[in-house]
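You will see chain A twice below: alongside chain B first, and alongside chain C after that.
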Partner chain A sequence: MNVRLYIWQRATAAIMAPLVLVHVAVIFYATRQGLSAADVLSRTRGSIAWAAFYGLFVAAVSIHAAIGVRNVLHEWTPLTERRAGFCAIVFGLLLAALGSRAVAAVVLP
Partner chain B sequence: MVHRVSGLALAIFLPLHFLALGLAIEGEARFESFLRWTDRPLVKFAEVALIFLFTVHLLGGLRILVIENLDWRDGQKQLATLAAAVSAIIAFVFLVRVF
Partner chain C sequence: MHSELSVSLWLGGEDGRYESYSVPQRESQTVLDVVTFVQRNIDPTLSYRFACRVGVCGSCAMTVNGKPRWTCRTHVAKVAHGGRLEIGPLENLPVIKDLTTDMRVFFEKWQEAKGVFAPTKTRRDAIAQIRPDTPARIAADASIECINCGICYAACDTVRWNGDYFGPAALTRAWTLVSDERDGGNGARLQAVAGSGGCHACHSHQSCQELCPQSLNPTAAIAGLKRRTVAAYLKGEITA
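After this line comes the complex of A and B, so read on.
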């Protein structure tokens, strides 16, 4: 892993640490309350705060996971560094697209 | 290794997680039917496993950030053990609450 990717990996990790804690708290709250789809969507739809929170989360996790997958592919499979990098970029873009769609699905009114 | 395996498992799960949340685009009823599907015990156990992996990866990541950025070298094994223990406790609490 080169220095640039290393910094991105660590920076996105540092950004996500507090986001993960909040997300775990949200999971606990939602499951404990037994929230229905209507309950969840009434809290998230139209909320700029949830849109910003999960938008940032999706952006950070897409970069973080793509770099991690790149390292695993390069070290655990016969793929060259270049091909592992290509697969990681495709994976990261897929995550960003699906994640953005998911955020839009729950926050857009 | 634990950090890598948990990260890989979460990376595999993420697209499915996003697709599930994306069901809300198709309407509240479609999303609701998915949420009711997740009430099954087997799904609950899978959720517990995911929470465990999630917290293991978080704490393992914090451990890496601390080791790399702070002037601290001793006690790494103890910290790793503590990370696993806290993860197990969080996963157990989640298990108790979902059932």
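After this line comes the complex of A and C, so read on.
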């Protein structure tokens, strides 16, 4: 891992740390309040704040996890650094697509 | 105390095998004493390295019961539980024969990490006056006693997984020079250690710190390099 990837991975980790806490708090709140799916969707649909929150979360996860997977592939498989990087980009794009789809499903009106 | 030690020594090259010997146990006996006993009394073809026998030269490191150690300063009584010793060549380095490894790659990585002092003065200049209590000098002094034994390199998981990784010793040397105010080679050095084989490949497992016979802390030195390279990259002084 070079210095550029290191900075991206640490920066996305710093972004994710508070987001994870809020996300877990939301899960606790929703389950303890007994919110139904309809209750949750009524709060999230059309909300720019939740769209921004989870959109940022998905972007940070996609970058952070892809860099980590790149390192694992490079160190633990016979893949060259270049090929590990290619696989990681594909993995990151997949995470971004799936995550964006999930965010869109709960925030689009 | 057991009167006899059961000693297994690695014989041959990469495809060698462990051979068992019985060696008399003595007071204050070191692992190097055991290897020397075998070479002088049982198998004169046994190949191993040593020079000073007092923990200065860094040439006698071997794998002792699964861990890399300086054999001249490792007492048998501390590592031979149940009177058994298994002694092999250092890991993460090519085996030449028996207990000797080819350490060229270890030292080549010192060169790649720009571990050579780059002077900023000539012999005609006055000797630099360096205060020993500045933060930079304290950081440089922290790792100056490295004896190049290769134990940290053999202990490092990242070296095992990533053949391009410079390893703890080379990076610690680079950090010593980065912290040395007399040195003028930091541009090239920070660029070298910021690459894929450099400091950012370290996972901070700290095996180097745990097993360094000089009680140095390569993990802290590498962390220092991480901070300096990040700052240099953000200022545009180095590229990725």
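The criterion applied here is as follows: the second predicted complex is superposed on the first by the 109 of 109 C-alpha atoms of A that agree within 3 Å, B and C clash if a C-alpha of one lies under 4 Å from a C-alpha of the other, contacts with A are read in each partner's own complex, and residues count from 1 in each chain.
Keep in mind that, in the parts below, a contact is a pair of C-beta atoms (placed from the backbone, for glycine too) under 8 Å apart; a residue touches a chain by one contact, two chains touch by 3 or more.
Nothing here was measured: the structure is a model prediction, and the numbers come from that model.
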Clash or fit, chain B versus chain C on superposed chain A: fit
Touched partner set for A:R70, first chain B, second chain C, both or neither: neither
Inter-chain angle, chain B to chain C through the CA centre of chain A, in degrees rounded to a multiple of 10: 70
Contacts of A:A102 with chain B and chain C, given as first, second, both or neither: first
Between chain B and chain C, more extensive residue contact with chain A: B
Which superposed partner A:A14 touches (first chain B, second chain C, both, neither): first
Partner chain(s) touched by A:T31 [first = chain B, second = chain C, both, neither]: first
Partner chain(s) touched by A:L5 [first = chain B, second = chain C, both, neither]: second
Chain B versus chain C as contact partner of A:E81, first or second or both or neither: second
Nearest Cα pair across chain B and chain C, whole Å: 6
Chain B and chain C contact sites that coincide on chain A, given as residue numbers: none
In the complex with chain C, residue positions of chain A that touch it: 1-7, 74-76, 81
Interfacial residue positions of chain C with respect to chain A in the complex: 158, 161-162, 164, 194-196, 198, 200-201, 226, 229-230, 233-234, 238, 240
Residue ranges of chain B in contact with chain A within the complex: 4, 7-8, 10-11, 14-15, 17-25, 28-29, 31-32, 34-35, 47, 51, 54-55, 58, 61-62, 64-65, 68, 90, 93-94, 97-98
Contact footprint of chain B on chain A as seen in their complex: 10, 13-14, 17, 20-21, 24, 27-28, 31-32, 36-38, 40-41, 58, 61, 65, 68-69, 72, 91, 94-95, 98-99, 101-106
